[in-house]
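Have a look at these structures, which come just after this line.
There are two complexes below, and they share chain A, which is joined by chain B in the first and by chain C in the second.
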Partner chain A sequence: MEKQKQVQKRQSATAIFFDELSKSPGLITFLAILTGIIISGLLVAATTVEVYEAFSVSFFHGMGEIFKTAWSTYSSLFLGAFGNPKTIITAVQGGDALAIRRAINPFFESLVQSTPYIFAGLSVALGFRVGLFNIGAEGQIFIGALTSVYAGYAITGLPAFIHIPIALLAGALGGALWGFVPGFLKAKTGAHEVIITIMMNYIAFKFTDFMINGPMQDPNEYTPKTPWIQESAQLTRFFEDPIRFHLGFFVALAVAFVIYWLLFKTTWGFELRTVGSNPNGARYAGINTTRSTIIAMSLAGSLAGLAGANEVLGLNHRLVPSFSSGYGFDSIALALLGKNHPFGVVLSALLFGFLRNGSRQMQLKSGVPIDIVSILQALILAFIAAPAIIRTIFRLKKPEIEEESIKVGGWGGN
Partner chain B sequence: MAPLLELKGITKRFPGVLANDHIDLTLEKGEIHALLGENGAGKTTLMNILYGLYSPDEGDIFVNGQKITIQGPTDAIKAGIGMVHQHFMLIPVFTVTENIMLGEEAVKFGGFLDRKKAAAKIKQISDTYELNVNPNAYVRDLPVGNQQRVEIIKILFREAEILIMDEPSAVLTPQEVDELFKIMRILVDQGKSIIFITHKLREVMECADRITVIRGGKVVGSTTPKEADTKKLAAMMVGREVELKVKKTKAKPGNTVLHVENLRVLNAQEQFAVDGVSFDVKEGEVFGIAGVQGNGQTELVRALTGLLPPTEGEIEILGQETTKERPRSITELGSAHIPEDRQKDGLILAFPVSENLVLNSYFHEPFSKGIRLQFDEIAESGKQLVEKFDIRTPGINTPVSSLSGGNQQKVIVAREFSRPIKLLIASQPTRGLDVGSIEYIHKRVLEKRNEGCAILLVSTELDEIIQLSDRIAVMYRGKILDVLDVEDASKEILGLLMAGIKPSDEMKQKITKEEQIILT
Partner chain C sequence: MAVANSIPMESKKVHKHQSKSRRIVMGIIFLLVAAVIWFVFINGTDASALTTFNMTPGGSATVMSDWAFSTTKVLSILAVLCAVAGAYQLILGFQNLTNGILGLVAVMFIFSFLTWASSGGSLNLAGLLRVTVVRAVPLTLGAMAGILCERSGTVNIAIEGMMLIAAFVSTVFASLTNLWIGMLSGILAGALVAYIHGVLTIKYKVDHTISGTVINIFATGITSFLSSKFIQKTEFQYLNEPGMFPQVDIPILSKIPFVGPILFSHNLYVYAMFLLVPFLTVMVFSTRWGLRLRSVGEHPKAADTLGINVIKTRYMGVILGGMMAGFAGTYFTLGSSGRFDELLTAGRGFISLAAMIFGNYHPVGAMGAGLLFGFFDSLSAKASILKVPIPSDFLGMMPYLATIIVLAGVVGKSNAPAAEGKAYEKESL
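Right after this comes the complex of A and B.
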């Protein structure tokens, strides 16, 4: 009797556990990623000739081949992102320093790839929190790179601990300027920030091209490139080649924490979030919405500017054409995945960074095109954006309290 | 014979809420059946089930004794059920005919709209039920009362036998309400049947044949206006005895707190919504502004609170000119504002209760030090206010969006009243609230008055204006037509003023006499 009762109790406790779990928003994110991985795997299988050949033998052969294909795709993706444990062990046993660095490089390279994502993701997330849709992160990255590289090569004779902050700050200011313009136009004239930031992107691309083709071109080079930045402006690297892991990653984490603190622990953040959540209510509460909009866009711009600075000061050490390759646009998706929370942004930036880095290895090893990672990212986002699909597939209950959704002002500055 | 419409054991659950709990309801042919209940009692859910917007978890619907399933508005219309929504579903730039035929377009030559045919049918309906609607008028040119009649014709056009009217009087002047009741009577005399949803007791007594009261998703009783009185109905609705009239002592007005002179304010359409308004509000008095919605009250309040800068004129609060001041400096002077749209202006719905309670004081000590918010202090003050103002919430960290309308309003009242205020600008403070919450908020407002606070009350509810105010101004098309002491004001006089007619002294006397005769 006693035992039976206990079993019953335990069952109900598990039931409660699953009940609570099924209502948590984190679960949706996890299941969205999982579903995206499964469907992408099926897509890879569907484009593989061997799978069809196996199906012509028998159904079981076919299914086996599907699993095999998906397994080899994802395992090479994983090994590409984290490094191969076997190689690492052999390298450590061999004791050759270069071999060890090569073996652990994939992991650190993934962190390197994540770093600009963290900055740019924070930029977009901050915008969303204040009700602004910053599509201009890409352009802000370019301007941030431009100003920081200038501060990097033009200022000489400074020690690193002064020069690095100055160069980073220059990048942040450049991005801030590029964010300020749409923020100002939005606040004062009601011009929609989506349009303005898109236009600002084109200006930034062309302006950067102009600068590195003309005023900022390295006189010793025939191709458009800026001069190398001073060694004192280079973000410190912690290992020797080929590991490129540098100080920028920790700067990004620190900035994420500062943004978190600012948004959620200070009166400024309270004002910004109020404006983002209900601009009418903010005005009623006496908050200066014009100022908040301008500050928010400038701050978002400076974060994206830091992403650009991070790339040139930490990796390239000079500015070359089209160096960013879409970090700014990916970061829109990434901010949504991270629920516009600084810590969520860090996590999803890591996911994106590891996927990006791993996908190269995947293409090399298993011949699966790199685009499958874009498809995977797109699928994950589609499921995040439409949680109802995930709820239906996994038969989850709807949470009683509506999840915080992103509100972006309509056309005409409402 | 089976009743026209019968609902049996309708049950609808939402997560955590039993919105409808085995509700039975019958509607006989040719009757007005009032569905009375507080907000959140489940009236609207029930009607949405009947109209096919929700599907019930349990229960059956019978029309003329036949069981039917309604899976969407199309099914409902097919079954002869039509709904007049509280917010009209009309397209302003279309004519009456175009609006009515929308979705059921008469065509000729296999694809061209036949407006004439539709207009003829509309004319015929309008004549039959004495609705007096011109089919060729543009909807944007019609007064609100006529727009509502267009909605009614829309339903009749689709040959509905059962009309559901959801809070139809909310947007009308008293005269228009009388007009509406007349129309409803004609409709049922001609054989239609009406379900009339409301939380206003007076209306139920005036026009219903039968009354069903719903509370907490359950039917608590059925009665008729002859058997019941407002007091009894109120008690049924709320579940306890309610004081419908708050007792009020005579005002002891002191110094002038708010002084408004020749104020002119432009609205979004660049028209003068407030057109030369002057008045004073003194310590310890309630100055009521009556008027039909949209006669400049919104813009007036927005100008007074710094949300909309006026083009001309002067505003003084406590002797300081605030005409061009920002909202923050006006609140800091000791002015409080209960906005007319609590969800749009007054609250940040996604934020927790505690943060909403410091929405305009978060930058003061002890709620922040420097730029750091002090969450312990905010929580502590939140807990105290929740208790003091009896805000029903699961906790102070619950988002305000999940509170009921009445409790959301209490959050605003708690926030504004917990600051040291000298002036209260209350705009529609009880709109959409249930009887219990209205009673509570009225009491609090009068308490503030008795403490010496100057109160500007803007309301479209005449009952509220008459009950609370010491002096009453009526706004019509941006101007104040007249200011009356409450002793001289009657519903009839105010109603005429609200319609833009300034009664002569003779008329006033006549009305007052008539009223006295009725009273005695």
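Right after this comes the complex of A and C.
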């Protein structure tokens, strides 16, 4: 009798464990990523000719080929993002400094790719926290790049420790201006920020195009390019070529911490979050929602502007027409994956950066187009946004407390 | 519920309150336009200069002789007309006609701009307008896709993605079979993507904008993926040769000088736009079907009480919208370029969204906005041959600036369906 009771108790303990596990939001995130990876892998297999040839031999051959294809895809992605351990070991044993740098470069390059994602992701996440959908990060990135590159080449004769902050600040201000307009219009006229930021994106693209074809074009160049920025404005690199890892990554981490502190440790951040979760309640409580909306959108714009500044000050050192990055659009998925929490954003930015960097190697090695990463991101975002799909697939229980979901609402400010 | 009820009343009050200030703002805008024409355009031109408009688009058989006139005389007339309109608006106000007059003043302003910019030279006005009509097609069709979705209460930011997928699918099917099957497959592909949007937003209650973003990212990824994996490669080149719908001259009508080549000498897509706009207007605003469609977007609870199946109607709106977006997507390949290239829609899905809002969720308005955007599009392509040094980039910005201005309420508020973007949940008894 007693023994039976004990067994029952033990069972219930494991049951409770799995029960709790199945309800945790972290599990949903994990399963969303996993499911996305599996479906993308199947898609790659389904578009590979060898798989069909193997299926015509036998079913098992076919299944084997599917695994082989998916494995080669993801392993080349992984090696492309982290570097090949074998190459690293051989390089270290060989002792040649350049060979070592080449071998460890993929890992640092992934961090380099993650950096603008951190900034842009924080921008989108901050918007979501205040109930605003900043789809205009891309345009803000362009303007940020434009203003920072100007500060980078037009100001001369400053030491680096002054010039770098000034150039970064210029980028932040440019982005802030591009965020201020939709924020102001939203707060004052109710014009929906989604459509305004999309329009602001196109204006930013056209404006940047105009500037580097005209007033800001390097007179010594026949093609539209801005002049090189001063050496004092370049974000410090920590290694020699080919590793491009630079100061921007640590700036991004610091900014992420500042945003965390602002949002969760200050009264002002509490007000912002209240406006986002319950605008009517916020108004009753005497919070100035107009001001919060404008400030939040400007701040979001300045973060995205920093992403643009980071790219030109850290990597390109000038602005060229093909600057278009896609960081702004990816960061929507990224912010949601990170649950709009600054630290979550940093983690998912690292994931996206590693995916982005690895996918290039994957395209070279296994011939899988780089666009598979977009598909993967879309799938992950869909599963994060609709956790019910994941719960249905894996037969998870519904949590008692409804998770906070993001609501943007219709146009026209309703 | 009480809150929801009070909102329309409140906004009405605001509207009345604003009408006086709006009258004055509009009057000042009209006067400013007159001032710009007078002081910038007329002052900047030689009194004896002539403006020549070519009235025959290139390659057209129907010829009309060029139209030459004195630049400053025409500009003075236009400036005076704008000034009169401004003065009347300031003192008495045009009341309900204000928006129409605003449109007229805008047309006069654009006309004077063209007159001024091509003074001393010539501009192919007919060619400009012909390209305007062509450029308006995907925007108008896309905007009507948006109208069908949003009138039934679903925000559709995914028009761009639906267009891309339809363009891709139609290319492959048209290459394998014929153009008509290609078009049909594109429409069905649009419907399928819209169904996914419907499932995500209506069944799983995902936020509409986020679901749309998912579809856009996915559509970009999958079409670029399949495109670079297959149809851009030489061994699969036969999958990317769909051909194009030929230009069809409408008998008699296409022979009208000036108007004929501009309106009646195009391929099927332009005529489809001309037919679909009135058809959809009647369907949405004058039939029982349309009333039901709009009712689930405005007040789903009331519609439900009257026995309308809200969920079903919303699915119908989304899927019909997807079919329209799919049709618009096939325009890019079967009606315009004759092949699929990555990201060939180039953001036109988003601009259609703007055209929809600009056109106040009405097919006729959407076509007006589509034509306006198309005009700037075709003008910015011609900016280099204009005499005036206005960079093409700035002309290209015009549609976006105009949309922002409309949205900000300067030109009158657009009325989004009230229950748009909100999931409907039947109350359990």
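As a working rule, the second predicted complex is superposed on the first by the 397 of 414 C-alpha atoms of A that agree within 3 Å, B and C clash if a C-alpha of one lies under 4 Å from a C-alpha of the other, contacts with A are read in each partner's own complex, and residues count from 1 in each chain.
We take it that a contact is a pair of C-beta atoms (placed from the backbone, for glycine too) under 8 Å apart; a residue touches a chain by one contact, two chains touch by 3 or more.
The structure displayed is predicted, hence computed values, not measured ones.
In the superposed model, which partner reaches more residues of chain A, chain B or chain C?
Chain A has more residues touched by C than by the other partner.
Which partner does A:196 contact after superposing on A: first (chain B), second (chain C), both, neither?
second
Would you sort A:267 into first (chain B), second (chain C), both or neither based on which partner it touches?
In the superposed model, A:267 contacts chain B only, not chain C.
So, A:277: does it touch chain B (first), chain C (second), both, or neither?
Touch status of A:277: first partner only.
For A:288, using the defined touch cut-off, is the partner it touches chain B, chain C, both, or neither? Pick first, second, both or neither.
In the superposition, A:288 touches chain B alone.
Looking at the overlay, does A:240 come into contact with chain B only (first), chain C only (second), both, or neither?
After superposing on A, A:240 lies clear of both chain B and chain C.
Of all the chain A residues, which ones make contact with chain B and with chain C?
In the superposed arrangement, which is not itself an observed complex, chain A uses residues 280 for both chain B and chain C.
Quick one: in the complex, what on chain A touches chain C?
43, 47, 133, 135, 181, 185, 189-192, 194-196, 198-200, 202-203, 206-207, 209-210, 213-214, 280, 329-330, 332-333, 336, 368-369, 371-379, 381-382, 385-386, 388-389, 405-412, 414
List the residues on chain B that touch chain A in their complex, please.
Interface residues on the chain B side: 15-16, 305, 307, 326-332, 337, 339, 344-351, 355, 359-360, 362-363, 368, 371-373, 398-399, 401-402.
Using the touch definition up top, name the residues of chain A that touch chain B in the complex.
Per the touch definition, chain A meets chain B at residues 265-268, 270, 273-274, 277-278, 280-288, 397-398, 400-402, 404.
Please output the residues of chain C touching chain A within their complex, sorted ascending.
Touch list, chain C to chain A: 3, 7, 150, 155, 157, 200, 204-211, 213-218, 220-222, 224-226, 228-230, 347, 350-351, 353-354, 357, 391, 393-394, 396-397, 400-401, 403-404, 407-409, 413-422.
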